[in-house]
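Letters A, B, C, D and E mark the chains in the order given here, with residues in each chain numbered from 1 onward.
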Amino acid sequence: MSSVRDEEELHREGAADFVAMDIVGRTPWQLFWVRFRRDRVAFVALGFIVLLVLVAIFAGPISSAFGHPPNAQYPNRLDSFGTPTGPSSSFLFGVDQIGRDVFSRVLYGAQVSLEVALLATAISVGIGVVLGMVAGYFRGWVDTIISRLIDVTLAFPILLLALGIASACSLGNGCAAGLIHPGLGTVIVAIVVINWTYIGRIIRGQVLSLREKEFIEAARAGGARSRTIIFREILPNLVAPIVVYSTLIIPQNILLEAALSYLGVGIQPPRASWGQMLADATSIYSTAWWYFAFPGGALLLTVLAFNLLGDGVRDALDPRTTT
Amino acid sequence: MGAYIVRRTLWAILLLLVVSFLTFVIFNVFPSADPAALRAGRNATPALIEQIRRNLGLSKPFYTQYWIYLKGLLEHFNLGYSYYNTESVKSEIFSRLPATISVTVGGFVAWMLIGIPVGIISAIKPRSLLDRIMMGGSLVAISAPVYFLGLVSLFLFAQGTGVLQWAGAAGSYVPITQNPGTWFNSLILAWLTLAAAFAAFYARMTRGNLIEVMHEDYIRTARAKGLRESVVITKHGLRAALTPIVTMAGMDIGLLLGGAILTEIVFNIPGIGRYAYDAIVNADLPAIQGTVLFGAFFIVFANLVVDILYAFLDPRVTYG
Amino acid sequence: MAVAAERTPGAAVDENLLVVRDLVKYFPIRKGLLQREVARVHAVDGISFDVKRGETFGLVGESGCGKSTTARLITRLLMPTSGSVVYDGQDISTWPERKIRPLRRDVQMIFQDPYASLNPRRSIGTIIGEPLRLLGIGDRNERRTRVREVMERVGLNPEHFNRYPHEFSGGQRQRIGIARAVVLRPKLIVADEPVSALDVSIQAQVLNLLQELRDEMGLTLVFIAHDLSVVRHMCDRIAVMYLGKIVELASGDRLYDHPRHPYTGALLSAVPAPKASAGRGRQRVVLQGDVPSPVAPPPACRFHTRCWKAQPICSEVEPPLESKGPRDLAACHFPLTDGEVDALTERSAE
Amino acid sequence: MALLEIEDLHVSFKTVDGVVHAVEGVSLSLDARKTLGVVGESGSGKSVTAQTILGLTRFPNATISGRILFDGHDLLTMSTEHLRDVRGARIAMIFQDPLSSLHPFFKVGHQIVEAIRAHEDVPRDLARKRTIEALSSVGIPSPEERFNSFPHEMSGGMRQRVMIAMALAMRPDILIADEPTTALDVTVQAQVLELIQALRDDFGTAVILITHDLGVVAQMADDVAVMYAGRVLEQTTRETLFTEPEHPYTWGLLQSIPRLDAPRTGRLNPIAGSPPSLINVPRGCTFHPRCPYAPPPAFETEPALTPSQPGHLVRCHLPIEERKRLWQSLQNEHPALR
Amino acid sequence: MRRRNAVVVGLAAGALVLVAAGFSSGGKTSGAQGKKGGTITMLSNGDVDHIDPGQAYYQFTYAITYITQRPLLAYKPNSVTPIPDLAASMPTVSANGLTVTVHIKHGIKFSPPVNREVTSADVKYAMERGFDSAVANGYASAYFGDLVGAPTTPQNKVPNISGIQTPNKYTIVFKLTKPSGVFVGALQEPLTAPVPASYARKYDKGTASSYGNWQVATGPYMIQNNAAGKITGYAPGRQIVLVRNPNWNPKTSWRPAYADKIVIKEGFDPTVGTKQILSGSADVNGDFPPPAAELKSITSNSSQKSELEFTATSGSRYIALNTRKPPFNKLLVRQAVAYVLDRNAMRLTRGGPIDGKIATHFISPDFGPVGFNQAGGLTFNPFPSAGGSGDVAKAMALMKKAGYKSGKYSGPQVTQVADNSPPGSNTAAVVANSLAKIGFNVKTISVQHAAMYTRFCNVPKNEPNICPNVGWLADFHEPQTLLDPTFNGKNIIPTNNSNWPLLNDPAINKLMDKAELELNPETRYKEWGQIDDMITKTAAAIPWIWETSPTLYSTKVTHASELWNGGEPDMSFMSVK
């Protein structure tokens, strides 16, 4: 079989033989960076995320410069009915229902979102990658077990499952013999239990197709053991999908954390979390718009930025995507 | 094909059994409130609580409890009785199903009607201004959590509380049998809110698929044989581009029929999602078990239906 | 460079480096929840041949005939269902992977697809040097030197050591694949369709390179292709495969001048010659229909469903692969006569 | 007057990496009932040329200039709506990969019926009848049953027959076959080529045959154009091309192929180097970096496609005599070229 | 408190009321003469706890139970004095306090499908089934456990209690093992409402009674049912439909029962519900108070203001300090906490002054002469501070006295377990903030409301240092029902404990044991008032609010009366204008 392809197609794919010779000495990562930098929107999103990270890190100094400590209460900012007052020069985003500075709490909420996003993503990706690779590479009964496990997990109504795990583990000493503590730990566990399956499935599929690639046969023909093949041949090829799907599930994880906190089983008070602020705001939304608008807006922007970044990363890593 | 359906159905049943078992394990190992104490009331003695614990079978080993539960389920399709108010979980779920179906199906119609046309329009002129606006907007919609959108829409539009007083009866569900007009009014915001992220996602999917399909060789063939461009797009392009979307739609609606938890909570809709949430908060194991199983049933069933449907939509899929 | 003389002088040396006997490979088709085996693909269904030291042995056939599976069986990338693969006097057909590994030094493979056979995430220096590293040959610097030498030899710029496969054209990539195969100075190379993905002008370069390396290194080469002219150009002896069976095995020239199996005749006849008189004055045999499915191959002679000379016996008794003339083996009840061959091929028509 | 006249066709595509000059100044003509072979390696622009005839390269990033005259009309300037009447009905096309070229979700019969009804207002059952006839005429056994088959249920050869049936159902004036046998095995290739020949002879359809296989050209074509890097380097009759080729690239191609019809040789004579990037085409003669005979002018200026004798166009700076002499000596060296 | 308090209670929208009983402080009952007919629509956020009157133990449920069932005694609106309902006259108590005799009215009939006259045996059965764990009444053993022959261990069938005797169809005699100050008061509990034994027995079989879904009524209204008796008017969590009981005879009842139909719509967001009542599409709020923001706008609108009424509730909210664990095993430390607590800020988490007075002890103003006044009324305030905002200086002085030199706590972190939803979560946050002023680092574990009790605060061995979200309302107007379960050392039990501070003060215990047996009301109320003060001074539990419960009426209904227990309106006294 010959693989003569028509020129138009080759060029649409952006990596034609003819073109390749003009580009010299670039590693795949350099290529990625060149492409990524062209995507202005993704670049702005990256900027926003960097800013957000800085805000989260320096939430303390910022809030003491422009606001008040996140857990300090200012009952005199509540009227005699206990309803909060709106934005003012000393409380930029107004106060919440017990007189805390919404501005500071939004800043501190960024910490939670980012921590969860990064930790939960890292752990679920880690588990997903390992199990996906094991299943895809060794196939057989290992694959059967892992795949069925994924099937079962996906057969659960996921939010209910997360809610159940989180509410079960949000009891005093946590669950699993105290290994999982209420709050951040619980949220992360709930997210990981659900999310590893997506990564696992994708990685498994990738490995299944990669292991049929001739370069794997070539490695085996060269005398490579399974370990070598997995780590030196397959893993480098998974980096791109791992990065892409990590950036895509980060925003999902942020949303899931917020949803769990919204439902009251997430981050433990008095830590500020955007989801919990939204939940608290629900009962007074018609009078205290600032209380849902600011945390909600922050959540929306953050998720949006991660989504945009994810799109940009995906496009840059996989030039064939059509978005 | 028949054998395939049988096999898949058996697998679906097995899955549900596993799900029910795992639910049982999870909520038995990590119960959040003591159901016997809940049931016993404020002034009850510890002895009464123990007695109730025995009556509810809570003192038996959990596998025995599970076996009893399973027997009831298989023999009488009995999902048990709530620890919380001793109501039949099955009848509770079924009586809430209309509300959930109202939200879900309405949302589904809304997101399909919005998402797919938007996707097609975007795909026809990729990178045009319209495309960019629609895709940018869709990303915003995807990024907005439903409870935030819900609050914003209530704040802006709900009659009584909203700035614009547009959607009446929002926040108070009225069954369609009672008054279709009010039913519609009470759900319109919930539909749109629920549909927003889905519509956006479907728009992006449709657009991506269609653009990809339009680069396929068979589209070139369709053009080469002299078909109108409109036919090429709507018949040859969409037929292939929408097939995977049908699959997704089936799965999504299956997932939501088990309860659109967040939407039902934000808009106070007495559906299964809300019931499930309340059940978890009340540590009402039979209700949790029932709703999880019910949700899982829809997920598994939707998967099954979608797989079979796919055989009709995509002739390349063979089942044996 | 390593040559055959490396062997211990005087030791009794088998003329055959590779002896394949009754080699069978079935791939199960599994279905359902329990992954029951419902059918099997008869990819290779009992083939036997020998490869002599230093010769180039060709395997030719159309897609799905089992030639690539055969390649993977003799390099033991696949485990045969039954039959034996005797390499240098040792039956390696049932060796576990661990035991096979040292053998990789001697037996190497070149792959068809220059895109898929190179790991896109690794620089070509590491790709070519990987077999050295795996077998623990030399230290880092020695390996690097050797890789550069090999790169130079196959016509790659050693400066490109740190570049990635996507920066190379198809022909260059195939050179990388060849460099990887020869860097260990193996005795046997199995080349599976090494040029079929290349343009004609590049194909010739690669074929020449392979020939040169073979001669320099005293390689034994198993060369697999669907293109008859390429196989003939490269090989000393050629086996023609059809649906998992060898239907004819002969020396290159005899096979082309005196095909005995009707399938060989049909193949030869189907190739249009690049000359003005192409197709004129010969009686082309155009086979009817398609190759049957290897899941349920026809009984007895597998070619009988498409053979214009088929008789009832062809669907009842499987013809053995036996001598139909000096040094020619063919599996046919009714081998082609010289007269028929003359009508089929252009050479004789001229 | 020729049936189809391509004049000075230029096609380029804007890509992220730069402008790809896929076709540069190609002029070809096709006479009725004749077969024009266009031969070249990948990236030579042969497929783009073919697809441009039917306006299939009208992408947003494409720039197309020149003229393609068919039946007195310029296909390049024709609106897509008018071009639609030409597509399929007057000029039909078949492609390299018959599996991906047929819509996987529609029955093959339906896909042909659709083609017929796109041009002629015929009732469905009549279109069906014609479809079955067409399927039958391309040698598909039991066409009534096959009408209802999906593409994936057929073998590669059968699919290509379906494509041909679809192309010929409208009795077009021209059939463009773009690498019709590349994806097929050699025995199936023989079947398909024979079929195209038979149909050409029966219906008098002119054929443009795009291929990289000189053997296929030799068997099928009346006239041959050799393309390289978006340009036609040599164009003549089949007879002349194989007996008196004048372009070093053609020589190179002929020398590169191992021959079945000649005794084995030790080594092949490949063309050195690789084809150029279409984004950055070499100055002067595009082939000069790979040409062993390139005279100094070839480094600077691109030669024009000029007749060396009637009906034989060559794009080369070498003097005609020199070319003849070189070809002679090549033939002496390599008997296979004779 | 009539909430099946501790345990049930809502989760969702934050404004769920746990409130209960009390003397209507407003007392501006109108509607002496209402119009017959029409439909009243009540809105609620949550659902009833149990539809079975024998299981019900939640003030919101009682609002329905009292108009569908007739216990022996009941309260008229705005009264803390029980009067006969099913009973023909007030019970007579023998001099030794061991025999209580009640006569019941003639001619009271069960609703369809039973349709027969109510007899004393029906009351006996109703009370006995409360001891069956298939019914598992929450208060049966607490109030009726002193009956002769009352089971001391849970029963798996309806027991025969020898202490309930029915000498004739219309007389019921209770024999007690010891005198009880609360027994007569307890006869107003819905458990005394008759249940037809022969009809109900089949539903009481098994591990959980299903009588609730087949119940028959004796009151003016009944839950809509079908011919077979199956309840059709109850869709849990969504709706309860009450229709007239055709067998109800107005002559036997003091309830006017103006409306023809009462619909309770459930699952309402408090804000939305409030708007609907204001707009007239519903008539009155059920289990939720209008949210603070709404109250704010209503009270500032002169026409709407008059549609709002406030009722005091019969108890207080307090924070419980675990007296068994350091540091709150020290009196001085607890008293420091009592000083530093910003009760004003805590009250703001529930709506500010409109939600009630800052509590200074436990018996609420709702009790008035039956304990509140005796405890010192509004003037008894052992831990005063300006505006109730806490006195940090005093607190620090006490801490110094307790041995913390800086005046600030320096020991290990203390833990509190709180609701994970407002307002409880907010209250807890304020508590943590207050305690921080004297050096406490409070770790808050947030859990669901129910779990807070059943897993933590009600289980002494799991109990944290602080349970900030507890409270207790009286079941009826006897201070014993408020103070005894919650502070008597003998009532500390390993599970379902409601003595949250784990207070076991011999002096207090002794006085309580004495007061329980006291039949003379005057002496009894004085003793309980004294007990209240003693408990307050231990600062083992620190009360911070005597809540009032706001009820909002639509303009379409008469300004109806509030129910005796201060929670919900008595719909049998409301009429459509």
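One rule holds in what follows: a residue touches a chain if its C-beta (ideal position, glycine included) is under 8 Å from a C-beta of that chain, and two chains touch if they have at least 3 such contacts.
Here the structure is a predicted model, which means the values were calculated and not measured.
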| item | value |
| --- | --- |
| Shortest chain-hopping distance from subunit A out to subunit C | 1 |
| Shortest path length from subunit B to subunit D (each step joins two touching chains) | 1 |
| B-E or A-E - the one linked by more C-beta pairs in contact | B-E |
| Between subunit D and subunit A, distance of the C-alpha-averaged centres to the nearest whole Å | 51 |
| Chain centre separation (subunit C, subunit D; CA means) in Å | 31 |
| Rounded Å distance, subunit B centre to subunit C centre (Cα mean) | 55 |
| Centre distance in Å when subunit D and subunit E are each reduced to the mean of their C-alpha atoms | 92 |
| Residues within subunit C bordering two or more other chains | 63, 169, 199, 226 |
| Where subunit E touches two or more other chains at once, by residue number | 11, 13, 269, 271, 447-448, 451, 455 |
| Multi-chain contact residues (two or more partners), subunit D | 41-42, 51, 212, 274-275 |
| Subunit A residues touching subunit B - in the complex, by the definition given at the top | 9, 12, 151-152, 154-161, 163-165, 167-171, 175, 251, 255, 258-259, 262-264, 275, 278-279, 281-282, 285-286, 289, 292-293, 296, 299-301, 303-304, 307-308, 311, 321-323 |
| Subunit C-facing residues of subunit D, complex | 41-42, 155-158, 185-191, 193-194, 212-219, 238-239, 241-243, 252-261, 263-272, 274-275, 290 |
| Contacting residues of subunit E [partner subunit B, same complex] | 4-8, 11-13, 47-52, 55, 57, 133-134, 136-139, 141-143, 152-156, 207-210, 212, 235-238, 265-269, 271-273, 275-276, 279, 447-451, 453-455, 458, 485, 493-496, 498 |
| Partner subunit C, residues of subunit A touching it in the complex | 1-4, 15, 17, 20-21, 23-28, 144, 213-215, 217-225, 228, 232-233, 236-237, 239 |
| Of subunit B, residues touching subunit A in the complex | 15-16, 18-19, 22-23, 26-27, 29-32, 126, 135, 139-140, 142-145, 147-148, 151-152, 154-155, 161-162, 204, 207-208, 211-212, 215, 255, 258-259, 261-262, 265-266, 276-277, 280-281, 288, 291-292, 295-296, 299-300, 303 |
